[in-house]
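Each of the next two complexes has chain A plus one more chain, namely chain B in the first and chain C in the second.
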Partner chain A sequence: MPLIRIDDQEIEAPQGETILRVALKHGITIPYYCYHPALSIVGQCRMCLVEVKGAPKPLTACSTTIGALPPDKKIEGKYDMVVSTKSETARKAQRGVLEFLLLNHPLDCPICDQAGECQLQEYSYTFGDPASRLEFEKVHAPKRVDIGPHVVFDVERCIKCTRCIRFCQEISKTGELTLSERGVHTRVDTFPGRKLDNPYSVCTVDICPVGALTSREFRFKERVWFLKSVNSVCQECARGCSVRVDAYKGEVLRLVPRDNPQVNGPWMCDYGRLITERMKGLDLAGRPLLRSGSAWQGYEWKDFGAALVERVGGSPASKSESWAVVLSGRLSLEEMAGAQAVSQAFFKRSAGPVPDVAWGEDDELLIRKERRPNLMGARLMGIPVGEQNAPLSGLFAGKKAALILREDVVGDAQGAEKAAIQKALGAMDLVIVADSSFTETARLAHVFIPLAGWHEMEGVYVNFLGVAQKTARAVVPPRDRRPFHEVASLWLTAAGHDAPEPTFLGWHARVKESVPGLAETSIKELLPHGLQVLDAPAKKKVKKGEGA
Partner chain B sequence: MKVTRPELSWWERTYFPAILKGMKLTFSHIFRKRVTLQYPEERWTLPPGYRGQPVLLTGLDGHEKCTSCKLCQFICPPEAIRIVGGETELAKEKFPKEFDIDMGLCIFCGYCQEVCPVEAIWLKDAYELADYDRTNLIFDKEKLLAIGRKPPYLPGREKPLEEGR
Partner chain C sequence: MTEVLKLLTRNVGKPNSTHVDAYMGSGGYEPLMTVLHKWTPEQTLNEVKGANLKGRGGAGFPAGLKWSFLPRGKEVLKYLVCNADESEPGTFKDRLLIENDPHSILEGIIIAGWATQAAGCFFYIRGEMPAGARIFQKAVDQAYAKGFLGKNILGSGFNFDVWVSRGAGAYICGEETALMDSLEGKRGQPRLKPPFPAGYGVYGVPTNINNVESYANVPLIIKNGASWYTAIGSSSAPGTRLFGISGHVKRPGVFELPSGVTLRELIYEHAGGILGDRPLKAVIPGGSSVPVLRADQIDVTMDPDGLKAVGTMLGSAGVIVMNDSVCMVKALLNLMEFYAHESCGQCTPCREGTHWLELIVRRLEEGGGRPSDCDLILDVAGNIMGRTICPLGDAAAMPAISFVQQFRQEFEAHAREGRCPMRDVRMTAAI
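Our next item is the complex of A and B:
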C-alpha cells in the first residue's frame, strides 16, 4: 500500500482512495461541503483544497486519489504523496473559497433554522476571515421558494454544493432538481412543472450543509440549541430506521435519521418524519379509566392494579377460550413480555396474535409495506403473527372478553369490517384497551389503560432484518402514562403473582430469556446501531454511509 | 493570633472623647446639601443607560423589530423570556407569535439588549413595576410593544419621542 503523509501523520492508505476519506478516517480535519459519503464525488464546492507536494496548485482532497510512485521517485525517499492541510498555501486557498461562498450569503443567521448546526458558520469561524472585503450590495435572490410540499428553499443561502441534486438523482432516483442559470445567478431549481416531491424529500434538508433547504414542518419551530436529543427508532414501518428525536419542552419537534449502515444508511422517509405532525392531533390519554354503564371513572395507578384484578376476576369470562388477546407490532419487546405474562397468568393462554397491518408497497430504498416496527420482535418472542391485513373481526367471533394493546382495531378498519368489530366488541362482557391515545376502540372499552407513547418510554424493537435497537425516552409523559410492562407488573403484583420490577431493565431480563439472540448481550450492545439478533434475509443492502 | 490593644489613659477610658468625636461628625452633616428625596413626589433624574423595564421596539414599518431569533431567551440568566416563533409575510420572514417577559424573574441585567442582533429589545428607565398579582407581572408582546418606543412619525405621534422615555 502507498505510504502517504498528511501534515505530520504517516498513513498507509489503499491506492485509489481519496485524500479526504483517508484524512477523515484518521481524524484529520479537512473542511468540506459537497462531499457526502453516500453520494458521488463532484469536487464542486472547492472547500477541501489542500496542498499536495509536486502539484502546481492546491487540489481538492475529496476528488484527488492516492497513487503509488515508482521506488526511485518517492518523495523524501519513502512517501508516495505528501499532503498538507495546514500550510500557508492550503490555508490561503480555504480562506479564499470561504470568502467567495460568503460573498453573497445573506448572513441572516438570526432567523435561519440551520444556525447552530450550520457548516458555513462552523468553517467561517475556523477557516474564514473575520470581515468581508465586499464594498457593494450583495446579489439578492428569492427567499422562501416553495420548492416542494415539505421543503422550503432559500436561494440566497445556497452555496451550490449540489448535494440535494445528487441525492435526487442517485438515492431517491427521482431527479427533480438541477442547477440553472450561470455565474453568480446559478441556482438550484426544479425542472419546469415539477416539485421536489418524493418520499424522501426531507433528506435533502438533512444533507444541506447550510440553511438553504429547510423543512416546512420544522421551520421556525425552535432554535436547534434548545433541542434535547435522544436516540430512538422510527415507528412507522418494519424498517425501524435509526433516528434521533429532537424534543423541546415535552414536545417532539423533529426526527432526524442517524447514520446506521445496518438499517437505513443516513436516510429516512418523509412519512416517518411526519409522525410529529400526526402526533399533534391525538387525544392523549390521561389516567386509568374504568367504565360502568356510560360513566367513566378515573383511578390512581396505586389503586388501579386492585381494580383491574377485581374487574377481570369478577367477569364471567375467565376461561381461556373466551378471551381475545390482540397485541400490536407497536409494542416494545418488554411490553410484549409483559402482555405474555399477563395473558398466561389471568387468561391461561398465550398472547396473540399480532395483526400484520400493511399498506402501500415496499420500495427500493427503505419503506416497507408492513407498518409495524416490531413484528419481527413478536415472532422472536414466540407470539403468533397474523396473516398480512387479515380481517380482525374473526379474532373476536365467539369471544366474551378482549384485551387490545396499542392497536386501534376499530379506527383502522373500514366499512363492514369496522361495523363487525364494533358489534363484536359492543357485545362483550369485558373489553380492556391499552393505548397512548383515546382511540375509537377505547370508546368501546370497559377498562382503559393509558400507555406511554413510543417517545415517552424505553424499549427494544426488532426490525424486519432482525436488527434489535433500543429507544430512549425523549420526553417525560406530561400526564402519568406508563409503558405496558410497568402496568403488567402492577397488575400481576396486585393479584399476588410474581413479577419483575416495573422497569425497563426488569422486563428486559425477561425478554432475554425468550429471545435467543439477546440472551448473552447487554443493553450497551444495542446502542447506537443495534444488534443483529437474527440471520438477515438475503437482500440488497442499503448504500453505506459513514456520517453526514 | 495576638492582638495588641492600645493603652488607654483614664480620660480616654471614660469614652467622652470618642462620643464627642462622633457627635462632631454627625452634626457636621446638618450643614451639607441634602440627598434625600421626597419620593414619590420628588424624582431622581436617571443617568443615561439606566437599566429598567425591558420593552420591545417597533420598526419603521410599524411592526415589531423582533425576528424571534431567541438569543435573548437563550442568554437570559433567570430564564424570564419566553418566545414562540412563527412565519410572517413580511420581508423579515420570522416574527414572534408570542413574546413574554416575566417581570417577576427579570433581574435587569441588560443581556437581552446586548445580544439582540436587530436592536428589538431595550431596557427603558421605568422601575415602578410592583404589583399585587404575579400573573400581572408576565408582560406579553402587546404590552411590551405598547410601553416600548415607537418611531416618531407613526400615526398619532407627531413629535419625536424623547430618548429614554
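Our next item is the complex of A and C:
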C-alpha cells in the first residue's frame, strides 16, 4: 500500500483513493463544497486545492488519486505522495477560491436559515479574509424561486457546487435540475415545465452547503442553534430511516436523515420528513379518561391503575375468548412487551395480531410499502402479524371487549369495513383505546389511555432488514402522556402482579429475554447505527411490487 | 524574405477547389489509396509519429503520439473527432481550409482513421460557420459517392464514417471535452481529467481529437514522407504554419510559412507593415489567450521555443497586431469581456474571476480606477491561473497578467488621470 504524507501525518493509503477521502478519514481538515461521499466527483468548486509535491500547480484533493511510485522515485526515499494542506501555496489557493465564492454571495446571513450550519460561513471564518476586495455591485439573481413543492431556491446564495443536480441525476434518478446560463450568470435551474418534485426532494436541502435550497416547511421557523437534537428513527415505513429530530419548545421542527450505511445511507424520503406537518393539529389528549354513558371522566395517573383494574374486572367480558387485543407496528419493543404482559395477566391470552398496514409501492431507494416501523419487532417478539391489509372487522366480530393500541382502526378504514368496525366496537361491553391522539376509534372507547408520541419517549424499533435502533426523547410531553410500557407497570402493580420498573430500561430488560438477537447486547450497541438482530436477507435490489 | 510554401494552401484559390474531382485532379486521395492498399495501420501511425507533427489547435501536442494513446485493434470501438470549432479571437486559419479545401482535411481524417482503426469521425464545426458546414458536408457526400467513406473503403475492408455536427455558439466547446459533451447533446462543459479522451471520450468511447489544420497536414506527410516534413521549418515543430494576421497591418490574412519565420518578417514583409505607417505598439502572437508582446520583442522566431523565450506561446498562430493608437486598457477590456462572457461557469475561479477582472478593467478604462488596481488585476488573475478545470481560466488570466506587466505605466496613467489617456490619440488616428 502506498505510503503518503499529508501535512505531518504519515498514512498508508490504498492506491486509487483520493487525497480528500484519506484526509477526512484521518481527521485532517480540507475544505470542500462540491464533494459528497454519495455523489460523483466533479471537482467544480475548487475549494479543496492542496499542494502536492512535484505538481506544477495546486491540485483538487477530491479528484486527485493516490498512486504508487517505483522504489527509486520515492519522495524523500519513502513517500509515494507528499501533500500539504496548510502550506502557503495551499492556503493562498483556498483563500483565493473562497474569495471568489463570496464575491457575489449576498451575505444575508442574518436572515438566512442556513446560518449556523453553513459551510460557507464556517470556511470563511477558518480560511477566508475578513474584508472583501470587491468594490462593485454584486450580481443579483432571484431570491425566492418556487422550485418545488417542498423546496424554495435562493439563486443568489447558490455557489454552484451542483450537489443538488447530481442528487437528482444519480440518487433520485429524476433529473429535474441542470445548470443554465453561463459565466457569472450560471444558475441551477429546472428543465422547462418541470419542478423539483420527487419523493426525496428535500434531501437537496440537506446536502446544499449554503442557504440556497431551503425547506418550505422549516424555513424561518427557528435559528438552528436553538434546536435541541436527538437521534431517532423515522416512523413512517418499515425502513425505519435513522433520523435526527430537531425540536424547540416542545415542538418537533424538522427531521434530518443521519448517515447510516446499513439502513438509509445519507437520505430519507419527503413523506417521512414531513411527519412534522401531519403532527400539527392532532387532537392530543392529556389525561386518562373513562366514559360512562356519554360523559368522560378524567383521572390522575396515580388513581388510574385502580380504576382500570376495577373497570376490567367488573366487565362481564372476562373470558379470554371474548377479548380482541390489537397492537400496532408503531409500538416500540418495550411497549409490545408491556402489552403482552397485560394481555396475559388480565385477558389470559397472547396479544395480537399486529395489522400489516401497507400502501403505495416499494421504490428502489428507501420507501417500503409496509407503513409500520416495528413489524419485524413484533415478529421477533413472537406476536402474530396479520396478513397485509387484511380487513380488521373480522377481529372484532363476536367479541365482547377490545384493547386497541396505537392503531386508529376506525379512522383508517373506509366504507363498509369502517361501518362494520364501528358497529362491532359500538356493541362491545368494554373498549380500551390507547393512542397519542384522540382518534376516531377513541370516540368509541370506554377507556382512553393517552400515550406518549414516538418523539416523546424512548424505544427500540426493528426495521424490515432486522436492524434494531433506539430512539431518544426529542421533547418532554407537554401533557402527561406516557409510553404504554409505563402504563402496563401501573396496571399490573395495581392488580398485585409483578411488573418491571415503569421505565424504558426496566421493560427493555424484559424485551431482551424474548428477542434472542438482543439477549447479550447493551443499549450502546443500538446507537447510533443500530444492530443487526436477525440474519440480514440477501442483498438484492427490491423490485417494484415485490413486498413482504 | 522567407519563401512562401504553398502546401496546406495548395488548392486555395484554384477553381472549384472544394469539389472532389478538382482535389483528385491534383493528386488528392492518392495518399489515402497508398495507406489503404500498401501500409498497415501501424506503419501509417509511425510515419505521422516520425514527422513530429505538432497539434495545430493551440497546445501543440504531438499528433502521432496522441493517436498512439488509443487502444489498438479493430475490435475496440474508437472514434475520432475533428475540432473545427475555431473561435479563438484572432484565429481564422481553419476556416480558410474548410471553405476552400475540405477534401484535404477529410483525407487526413480518413488516414488517421486507418492508422487508429477508428469507426468514424465527428466533424464538430463552429455554429457561426454555416458556409463551412455546408461545404464540408458536401465534401463528405462526394467522398461517400467516390467510395472514400463508408463500408469497405476502396476494397480494403476498412469501414469509416464521418458525421458533421454543428456547434451552438459557445467558445468553450472548442475545449476538447466540452466539445464532446456538446456533441452528445449535453451542456458544453469541460470534463474533469483524468480520464482523458483516449480512454473515455465521445459517448464514453476512446476518442482521439485533433484540430482541422493537424488533419490537413496528414496527407502531405504520407505523400512526401516524414523526413521531408521534418526538414521544413523549425526542427522542434516542423512543417508550415497557417499564420492568421489581423489588426493594424496593411495586408491582413492567412499566410502559410514554414514555422520559425520571425514575427518581424511576418508583420513587416508578409503582412505589409503597420497600417497608417504608425509605430507598432503590441502584438499578441498566438490567439487572444497568449501573453502579449511589446514592439521591441518581435525579433523572435514563430515557433514554440522562440516564443517561449519571450514568455509567450505560439497557440493557434493567430497574430493580432496593434499600432500606437491602441489603448491597452481598452484592448484588455475587450478580451476580459470575451472571457467573462464565454466562461462556462462550472468552476469557481473562472466563473467569478473573469467577471471580476472585467469589472476592474472597465472601471480603469472609464476613469474610476485606483492605483492599486494593477496589483489587484495581477492577484485576481493569479488566483485563476492554474486553479481551474480547463484552460479557459488560464486563457483569461494570461492576457490580464501580461497586459499589466508589459504596459503597467499605461494602466497606472488611467488610474492617475481618471480618464483614458489614449482617448485623443484614438480619436485622431481614425483608422
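To be clear about the criterion, the second predicted complex is superposed on the first by the 539 of 548 C-alpha atoms of A that agree within 3 Å, B and C clash if a C-alpha of one lies under 4 Å from a C-alpha of the other, contacts with A are read in each partner's own complex, and residues count from 1 in each chain.
Note that in this section contacts are C-beta pairs under 8 Å (C-beta built on N, C-alpha and C of every residue); 3 or more make two chains touch, one makes a residue touch a chain.
Every value quoted in this text rests on a predicted model; they were computed, and no experiment measured them.
Asker: Just to be sure I read the superposition right, which of the two partners does A:Lys143 touch: chain B = first, chain C = second, or both, or neither?
Answerer: Only chain B; A:Lys143 stays clear of chain C.
Asker: Is A:Ala427 contacted by the first partner chain B, the second partner chain C, both or neither?
Answerer: After superposition on chain A, A:Ala427 lies in contact with neither partner.
Asker: Quick one: is A:Lys57 in contact with chain B, with chain C, with both, or with neither? Answer first, second, both or neither.
Answerer: So A:Lys57 only meets chain C here.
Asker: Given the touch rule stated above, what does A:Ile111 touch, chain B (first), chain C (second), both, or neither?
Answerer: It touches chain B, and chain C stays clear.
Asker: Taking the superposition as given, does A:Ala416 touch the first partner, chain B, the second, chain C, both, or neither?
Answerer: neither
Asker: Please work out whether A:Ala509 is in contact with chain B alone, chain C alone, both, or neither, and reply first, second, both or neither.
Answerer: Neither: A:Ala509 stays clear of chain B and chain C.
Asker: Which chain, chain B or chain C, is in touch with more residues of chain A?
Answerer: Of chain B and chain C, the partner in contact with more residues of chain A is C.
Asker: Answer with first, second, both or neither: which of chain B and chain C does A:Leu103 touch in the superposed model?
Answerer: The answer is second: A:Leu103 touches chain C but not chain B.
Asker: With both complexes overlaid on chain A, does A:Arg219 touch chain B (first), chain C (second), both or neither?
Answerer: The answer is first: A:Arg219 touches chain B but not chain C.
Asker: Going by the contact definition given at the top, which residues of chain A touch chain B in one complex and chain C in the other?
Answerer: none
Asker: How about chain B: which of its residues touch chain A in the complex?
Answerer: Within the complex, chain B contacts chain A at residues 67-71, 74, 85-87, 92-94, 117-118.
Asker: Which bits of chain A are touching chain C when the two form their complex?
Answerer: So the residues of chain A in touch with chain C come to 41-47, 49, 56-58, 63, 92-93, 96-97, 99-101, 103-104, 133-134, 136, 139, 159-160, 162, 178-179, 181-186.
Asker: Note which residues of chain C are touching chain A in the complex, please.
Answerer: By the definition above, chain C touches chain A via 170, 187, 189, 192, 340-349, 351-356, 359, 363, 376, 382-383, 386-389.
Asker: Can you check the complex and tell me which residues of chain A touch chain B?
Answerer: Touch residues, chain A against chain B: 109-111, 143-144, 219-223, 225-226.
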